[in-house]
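Following this line, the structures themselves.
Two complexes follow with chain A in common, the first pairing it with chain B and the second with chain C.
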Partner chain A sequence: MCEHDQCTSHAGQKPDMRPVYPKAGSYPHFAKLVDTQKAQVDRKVFHDQEIYEAELRQIFGRAWLFLAHESQIPEPGDFLRTYMGEDNVIVVRQRDRSVNAFLNSCPHRGNRVCMVDAGKKARGFICNYHGWSFGIDGGLRGTDGKVYDSDATFDKGSIGLTPVAQIASYKGLIFATFDPDAPSLEEFLGDFTWYLDVMLDNDEGGTEFIGGAIKSVIDCNWKFPAENFVGDILHAFWTHQSGAQAILGGGVDLGARYDELAFQASVYGHGIETNLDKVGNTRTLGYPELVDYVFSRQKAMADRLGEVRARMVGAVSSATVFPNFSFLPGQATFRVWHPRGPDKIELVVWTLVNKNMPEHIKELYRKGVMMTFSPAGVFEMDDGENWEYSTRVNQGFVTRQQPLHYALGVGTRDDSRDLPGIIHKGSLNDANQRLFYTRWAEFMRFDNWHDLQNGETAPPQRMAQRQAAE
Partner chain B sequence: MLDIARPFSDFTRYADADTERQVTRFLYAEARTLDREAYEEWLDRFIDKDIRYWMPDMETRRRDDRRGAFCYGEAAYFDDSWDELHVRVKRYNEPSAWADNPATRHAHLISNIEVFETDDPQLVAVCSAFTNVRNRNETDQDIIHGRREDVLRRHGDGFKLSRRRIFIVQNVLLSKNLNTFL
Partner chain C sequence: MMADALDMVRICDLSEIGEEILKVSLEGHKPLGVTCLDGIYYVFPDTCPHANESLSKGWIEDGRVVCPVHFAEFELGNGAVHNGPSGCARLTFYECEARIDGLYARLTS
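Coming up: the complex of A and B.
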């Protein structure tokens, strides 16, 4: 490993325990698996282990990833445990009320220092292996016994849990990245914040998550559910016919003004499809009182967000924040699809409500999400098998050579509407899925954020500025 | 007793042998009804109109965390009234309930049955354990183990289920869905 004399010269020196944040590479041969001209995605991206490893490095090692809602950890020492990609992290409220997050791995032998899902008012975290203990700021506080007291190389102050490189909140949602060079969270989200505000800012009191989370395992590639939420309302009519029948007594309804109103918007691969039908999603929760509630708030929401976004709050709609954080406006379910290899995910689901909602309305949202988008829910029940077999079939060598059709709505780009992002006409469209995979390819190809933020998926104004500058 | 948020604690009076046999037969018949996916029949024969059917998510918490593994009013798989159970049943009745067409093969195994008297002669408290096996298509298999705390109400010669608290042993549900009742 090193020259002998160098080794001896290191004797007695303190080990370098500084955090290591991985550097991105460039995988142009993987990027080419997304063919924007032919509107095709090569099935290898759902199967190949090497591509999966590249995703962990290029995407989950760099992108801002959703961690938690501020309301889940209100007090100093309140914490929860989650994942960024496959990396387990502890998210903990600090004494100054800021939030930090750390890799859940002891710098001694690597064991987890936190085994529980969440907790209140922790003073720190102690590794079960050798008793190394850490403050909620991640710093090493002590070890079991006194053996290190007489070890001159042991520098407690230089040892701690590895913090994420950057952490920030957007209107209650906490995100973090392992990339010190990543742009700010708001730059990463870009104009998509305009659409996030539909859920996060339709009331002055802000939002909160209802307590607890439902977690489940689906044997599918993480991109299938992410692309499903980014722009696939098409599947609702066929996949969810049974759920719609059970709750509504009829099919999913996109509203009478579909041709005029429905659209897809995409910014940096984040995307939303919506029908501006006011209450279509809320109606599927099965409680007429919730529909009345959303209608009753239309004027207040329009005053705050404008007419268009007020119509989005309860509409038939779905969204994904690239890469793996999705939500359904109207149904109030927020979820992360944690990758677990190319053919498995862990799904975590929460319910988001406005703090100012009456308690009985919050309770109906909790129950509505449980009835619809939960493992026993009448909609979610029928999603998993589709994604599992879309993934599993690609074990077939010949099968995975076959093209997939992502061409619905090619040529429907609509630059006439005054809406942020890349707009396509109609929500029944593969446009957002194409842009999701284009973003995926950008992450594979580019090793720097300048290129990442100025590629094909950048918002049109940004592209116009760049072209003017050139 | 009928407060769904309150755990069973100190039932000490075992029901008599006849009651225990009746309850055991009730639970086995219920399981067999669910095995053959006769969900409407399950609601009609076994479920009382005032049912609360609750299955919380099971969190991993420190032993000294007063919240414990679950908390009523937070995330749950089920927290259903009769009407809400009926919505789920209506989905099963649709031929386009794809996660159940082709049919899932079910085995609801019930064991560890203990039947207790309560202060209300119309109500018995029943503890049981279950193994639920679902198999689909070629090799898809899901197994869930757990415990139940039931309150059964006497109806004529038989019983109906009035309260059911379901506690599975899994933290992350190791399945893509829960297309059954437990």
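Coming up: the complex of A and C.
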């Protein structure tokens, strides 16, 4: 816009109110903070404000981010408010039953147009400041005060809430991206959908979130919980040992066939570690009836997903979809670690169940998750404090120059198993965490999706295809 | 009585009127909203008394006209406001009559 009074070229013209989707840049000096050769991650990535700003641009401005489960907004007008990075968005079911999402900011002076967390059958969203009113399709419906009636430059049709660039669902989970050039959601998830199906498709009836969302704030960098869930079962033996003792009357157990079965899989930085022990995670919820239930479904699940994935449903296992959406198979807790600066997150947690589960089983999952992985839960408490200190210590100037060790399991790559993704042997391994940070570095370095989807973190088949083509 | 009836203006064909709000523009008059609920016809200004937005872009819900902009609700028949922004006046309803050749209404100012 022209700011000089003497410039009249814009006089009488309509302002350009089209949405702006920021372009990515390239930050090779930040990418270098992840040293794959030495298996080291520079602590600046947990502390530095400039790096954090680059993350918002490079990662949260481009990646597909989890928004909601379809079951949370079943009817037209049903909506909820969430975040993509630090950007507040409204997710709302449209009259044609599709779902769309919009920045929760009025195009007039920027005020929030939706203040509540969630609601049913919204007619629209009215801004509190000057009364501009938006439909559930984001379009500006009208204003207040009749003053715009006589303004010829005022074009209601060209003004609205900014929609996300792309939105899509994978088996009930809704994701969106601010990048019009991003590949499809399925391409972004790649082969990792094979592992998502363990939770999303082990029953023909599909899944739902139950019991609302539980929110909390943890003073840690968002990458600590994300890397923990992507592949850190190691901590369970120390961090969670006393909690496990209390609930199970015994320690954390990865199953008798660990050496043969346990593995980590990684695709584009998304990762899962699992021990294929059938019920280890479910057992920690503290209800023997749930364990029996998972056992009773082994045959049906194997018919649907095959033997290996049937063993994953209740197993000791954890997973992260890059960058900040994580879940625990077996415990049925799904969560997003929303970044709030380099040293804070807002954590939102839901419980996922199969729609077809008997009501009392759903209820046991809900209570079990509450007792283990909620702000007051035994295990969540254990984790949070560790992540807070891992973050806070880096305020020490000398401390943050010191190396961190990410080298467990270097040399354990296993190409012999017929599983999708980059496979490493044993779940007690830093492999997925190294690949998570490798993905992070790819997002810092590359300004385009071709490079992003064909780097070191790409699944092996993809790399093979590409090499064959070249 | 006879003379009054002559003042009535023909609005539209009955067949055009449904449960949605039909917008009718007549020469020499402000645009109108027309609807029918349970066999009773209603004619009112299309312009919302609150901030001039078009009521025909709204809808009928629970016997009320709902403005699509700030969601003021006007009772069909008496025009009483519910849920309206502060200062929102009631909606005028014109006396109307279904005749064989269409809907007629007395469009007072």
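One rule holds for everything that comes next: the second predicted complex is superposed on the first by the 462 of 470 C-alpha atoms of A that agree within 3 Å, B and C clash if a C-alpha of one lies under 4 Å from a C-alpha of the other, contacts with A are read in each partner's own complex, and residues count from 1 in each chain.
What we mean here is this: contacts are C-beta pairs under 8 Å (C-beta built on N, C-alpha and C of every residue); 3 or more make two chains touch, one makes a residue touch a chain.
Quantities reported herein were computed from a predicted structural model and do not represent experimental measurements.
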Overlaying on chain A: chain B and chain C, fit or clash?
fit
Touched partner set for A:K367, first chain B, second chain C, both or neither:
first
Is A:P180 in contact with chain B, with chain C, with both, or with neither (first, second, both, neither)?
neither
Quick one: classify A:E388 as touching chain B (first), chain C (second), both or neither.
first
Between chain B (first) and chain C (second), which does A:G142 come into contact with in this model arrangement: first, second, both, or neither?
second
Taking CA centres, what is the chain B/chain A/chain C angle in steps of 10 degrees?
80
Now for A:I126: first (chain B), second (chain C), both, or neither, which partner does it touch?
second
Between chain B and chain C, more extensive residue contact with chain A:
B
Using only CA atoms and the superposition described at the top, report the least gap between chain B and chain C in Å.
11
Chain B/chain C common contact set on chain A
none
Residue positions on chain A within touch of chain C in the complex are 123-124, 126, 131, 133, 135, 141-146, 149
Any idea which chain A residues touch chain B in the complex?
115-120, 210-219, 238-239, 241-243, 245-247, 286, 346, 349-351, 363, 366-367, 370-371, 374-376, 378, 380-382, 384-386, 388
So, in the complex, the side of chain C touching chain A is made of residues 50-53, 57, 66, 68-71, 85
Where on chain B is chain A touching in the complex?
55-57, 59-62, 65, 67, 70-71, 73-80, 84, 87-88, 90-91, 94-99, 136, 140, 171-179
